[in-house]
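Letters are used for the chains, namely A, B, C, D, E and F, taken in the order the chains are written, and counting of residues starts over at 1 for each.
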Amino acid sequence: MAKTKKRKTGTDKLTHLDESGAARMVDVSAKPVSPRRAVASAEVRMAPETLTLILDEKVPKGDVFSVARIAGIQAAKRASDLIPLCHPLPLEAVEVRLEAQPPDRILITASTTVQARTGVEMEAMTAASVAALTIYDMCKAVDRGIVIGSIRLEEKSGGRSGTWRRGG
Amino acid sequence: MAKTKKRKTGTDKLTHLDESGAARMVDVSAKPVSPRRAVASAEVRMAPETLTLILDEKVPKGDVFSVARIAGIQAAKRASDLIPLCHPLPLEAVEVRLEAQPPDRILITASTTVQARTGVEMEAMTAASVAALTIYDMCKAVDRGIVIGSIRLEEKSGGRSGTWRRGG
Amino acid sequence: MAKTKKRKTGTDKLTHLDESGAARMVDVSAKPVSPRRAVASAEVRMAPETLTLILDEKVPKGDVFSVARIAGIQAAKRASDLIPLCHPLPLEAVEVRLEAQPPDRILITASTTVQARTGVEMEAMTAASVAALTIYDMCKAVDRGIVIGSIRLEEKSGGRSGTWRRGG
Amino acid sequence: MAKTKKRKTGTDKLTHLDESGAARMVDVSAKPVSPRRAVASAEVRMAPETLTLILDEKVPKGDVFSVARIAGIQAAKRASDLIPLCHPLPLEAVEVRLEAQPPDRILITASTTVQARTGVEMEAMTAASVAALTIYDMCKAVDRGIVIGSIRLEEKSGGRSGTWRRGG
Amino acid sequence: MAKTKKRKTGTDKLTHLDESGAARMVDVSAKPVSPRRAVASAEVRMAPETLTLILDEKVPKGDVFSVARIAGIQAAKRASDLIPLCHPLPLEAVEVRLEAQPPDRILITASTTVQARTGVEMEAMTAASVAALTIYDMCKAVDRGIVIGSIRLEEKSGGRSGTWRRGG
Amino acid sequence: MAKTKKRKTGTDKLTHLDESGAARMVDVSAKPVSPRRAVASAEVRMAPETLTLILDEKVPKGDVFSVARIAGIQAAKRASDLIPLCHPLPLEAVEVRLEAQPPDRILITASTTVQARTGVEMEAMTAASVAALTIYDMCKAVDRGIVIGSIRLEEKSGGRSGTWRRGG
C-alpha cells in the first residue's frame, strides 16, 4: 500500500512543526522546480428529492453546478490564504468536474497543475471542499441534512516523492 | 425526521436561483434581525500511526491542533468570500473544537453566532472544513491517504425556520 | 436634470478628502440606518462573431454568462476591499443580469440592497464592472478588441439624498 | 485588422470552456515562460464642474488621483482573485497613469509586466477599471451621473500570439 | 494609572482563550451595540536625509504620504482578516494622519469609528502599523535601517469599559 | 555603518515614485532571479503581570504564542496585498519565533525566503508586525497600554545589493 511504504522512507515527522513543536511554513527553497499535478475528490450526499430538484432546474439553464465549479476553481487559487502553512503557488491549470450520481450523490473531482518546488495537493483538496460547500449552501434551504464526505486525494505526481495513487 | 418535515413547508425550490435558473444572492432585506447560531462538524480519518504522531508531538507544545483551530476560525470569517452566494455577516462568536478519538479519528466541531437577517450555517460548515483541510496539510507528508468525512450541520437556531437538529 | 439639481444642495465638495486634501473614509456614524438600493449597468461590445460564439456555446450548457454573473456577485461583496474609501456593508441582496443584444453587445445590470448608514452604489458599480471584465477574460483569446463601456449608475434609493434616476 | 486576422489562426473557440461547455482555468503548463506586457485604458466622463473640482482640490495636495492610482495598482495584484478563470501571476511592474482631459474627461492608462506562461491583459484591464471606479466613488456625492467608458486593451506583447495593438 | 486600575475590575484573564487554553473568537453577542471609537499611533524613525528626501519629493506632488494613508485605511478594513480572533466590524469612519517631525521622525495617527458590540482598537492599531510598513517599503532602497516604533493605543471610547486614555 | 554606505551607491531616490512623483510598482523584470532571505524583528512591551498571565496560561496548552505565530506566517503571505507597491512573491519559507523576555517583553523574529527578482524584506517586516498586533489583540482586555516597538529589519541577503546586517 503506497502510504504505508511512504511512511517508511524516513519522513516520520510532521515537517510543519519545528524541533520545538512550533508551526512554520516548511522551507522548500532547496527543492528543484518540477511539474506537479494533483487530483482530489469529494462527495455530497443528499435526499433523492434534492438531487432531483438540482437536476430538474439544471435542465434548461440552472446554475447550481456552474456556481459550485467556479467556487472550487477560485478556492484553489486561495488555498495558501486559507491553509496557514500552505505555500503560495502560481497555478497553471485548475479543473473542477461535477457528476450527478442518482439517486442521492454528487461526485466532485478537482485537478490542479503547476511547475513549482512543492506540490499542489492542498489546492485540489480545497477546490473539491469549497465546491461541495457551495452545493450545500445552495440546497440547504430545502435539505439541511446534506452531508459532505470523503474529501480525499486521489493521486499526485511530481516532486521527489513521485507519483502516489490511492490504493484500490 | 427533521429534514423531511422541513421539505414540506413550501420552500421546495432552490432559492439561490431566480425564475430563469440564474444564480443570485437571495434578498434577505425583509427578514428581521434575530439571534442565529449554528454548529457543524467534520471528521478526519487517518492511519493510527499518524494520530499517534500528532498526539505525541502535541504532548509538550505541538501546534497541530492550534493551527487547525485558528485556520477554522479565520475561515468562518471568510465564508462569504469563498461561497459565492453566501451573505456577509458580522460574526459575533466562533469556536472550533478538536477532539482526538483514537485510534484513527479527529472530530472537529465548529459553532458560530450572529444577530442577523440570515443564518450562520455556512460559517460553521466552512470553519469545520478548513480546520480539517489544515490537519490534512500538516500530516500529508506522512499520510497522504487521510480522508476528511462527514462535514455536516449538527444544529442551527434562530430565524423563521427556527431550530433544527440532526436526527438521531 | 437630476445631477445638476443635486449639485445645488450644498455638497459641492469631495467629501472623501479632508480640509487638507487628504483622503479619508468619510464618517457616516451620525447617519441613520435606512434601506438602500442601487442599480448599475455596463455594456460589453464585441465582434458579432464573438457574440455568436458565446451564444452558440451557451445553447446546451455553456458557462460564460454563469461565470460572469458569479464574478459580479462576488465582486459586489469585495467592493470595500477594492475601492479604498468605500465603507464595508453587510449586503442583503445582489443580482447580476446579463442580456445578449445581438449583433454585438451584452448588457449587464447589477442591483444591490442593504440596510445601512451609507449607500450601495459602489457595490453595484463594482459588480457590473467585474462581470464585464470576466466576459472579456473568457473571450479575449478570440477577440482582443472587445470594449467595455458605459459603466454607470442607473438608479439609487434610500438615505438622505433620496431617490436618483439617470435622466432620459 | 489585427483581431480579424487573429480570428483566423484556429483559436476560434472559448478556451475557458471545456468540450462540455464547463468553465475551467485553461492549462498553460506547456507554454514557455516569456516576457509579457499589456497596456489597457479607461476613461471617466463627468460634468465639467466635477473635473474642475478635482483639479482645484488637486492643486495644493489633493489626493484624488493618488487614491485612484493606488487602487488600480492594488487591483492589478488581485486580478486573479476577482476574475474566476484568470491565472495568478507574480507581477513584476504595474504603472497606472491618470490624465485630466478638460473639460470633462479623465483618461486612465495601466501597464503591467511579467515573465510568465500566460499574458497580463487582465491585470492591466482590472487596474484601469478599479482606478476608474475609485474616481467614481470619490466624486459620486457631487456627480452621480459620471460614466466610465471604453475600458479596453491598447496593446499586449509576448507569448505565442506575439504583439497586438489596437487598430487606428 | 488607567491600566492598573483596569486590571482590578475582574477581567484578569485572557478572554481569547477558553478554559482549556484554546483560542476562540470571544462571544460578544450579549453586549449591546454602542458607539465605539479608537485612536492609535505609530512612529517611523529614519535617517534625516531620508526624511528630507520624502519631504522634498512631496513638495510638488509626491505620493509617499498618500500611499501610506491609503494603505492604512484599507488595512483598517482588513483587521479582522489579519488578526485571527478579531471580530469583523462594519467600520463607519477611518482617518489616518501623517505628520513629518524633522529631523528624523514621521508620526502616524489613525482613528476608527463604529457602532458595534465590540471595540475598534485593532482596526486603529492595524491602520497605524500598515501605514508605517508602507513608508518603510517606499524608503527601504535608500535607508534599510528605518525603525517602526511605539505602535500603541492612544485612546478608546464606548462599550462597557468606557473611555480609556493613555496616561501622561 | 551599512546604511550610510548604501546611501552612496547612487540609489538616492525613492524608486517607488516615478519622475513626476506618482507611485508605481517598480519594474523588476530586468533583475535576475536570485535566492533572497530577510529577517525582521519586533518587540511587544507590556506590564509584567500581563506577561506572567500569558506564560501561566501557556504552561499547559495555552494558545497565545501559537495564534501570534500563525497570524505572522499568514501575514507574510499577504504582504503584497497590504503594502500597495510591494511585489507578489511565491514565498518558499516563513518562520516566526516568539521569545518571552521577562519581566515585560516578548521578542518576535520573522524570517522569509524566496527565489525571486526582488527582496523579501516586507514579508518579514509584515509577519513580525502582525504577530505583534495579534498579541496586543489577545491581551488588550487586561492591558490596553501594551506598546509594540522596534519593528525593524535585522538582515537581508541576495540580490544586487547583497547582504545587509543591522549595525551593532
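Criterion: a contact is a pair of C-beta atoms (placed from the backbone, for glycine too) under 8 Å apart; a residue touches a chain by one contact, two chains touch by 3 or more.
Since we're looking at a predicted model, the values are computed, not measured.
Each chain gets a centre from the mean of its Cα atoms; the one farthest from the centre of chain E is A. Note on A-D: across the candidates B-C, E-F or A-C, the interface recurring with over half of the contact pairs conserved by residue number is B-C.
Distances between chain centres, each the mean of the C-alpha atoms, put D farthest from chain B.
Remark: chain D and chain E have CA centroids separated by 33 Å (rounded to whole angstrom). Chain A and chain B have centres, each the mean of its CA atoms, that are 16 Å apart. Looking at chain B, one finds that residues 22-23, 63, 66-67, 69-71, 74, 78, 84-85, 90 touch two or more other chains.
In terms of inter-chain touching, the protein chains here follow a pattern that is not a line, ring, star or complete graph. Every pair of chains meeting the contact definition is listed here: A-B, A-C, A-D, A-F, B-C, B-E, B-F, C-D, C-E, D-E, D-F, E-F. On chain C, the positions that touch chain D within their shared complex are 1-4, 6-7, 11-17, 20-23, 47, 49, 53-54, 57-58, 60-64, 66-67, 70-71, 74-75, 78, 82-86, 121-122, 125-126, 129-130, 132-134, 136-153, 156, 164, 166-167. Residue ranges of chain A in contact with chain C, taken from their complex: 63, 66-67, 69-71, 74. The touching residues of chain E, when paired with chain C in their complex, are 35, 65-66, 69-70, 73-74, 76-78, 90-97, 113-115. Against chain B, the residues of chain E that register as touching in their complex are 18, 22-29, 80-81, 84-85, 87-90, 116-117.
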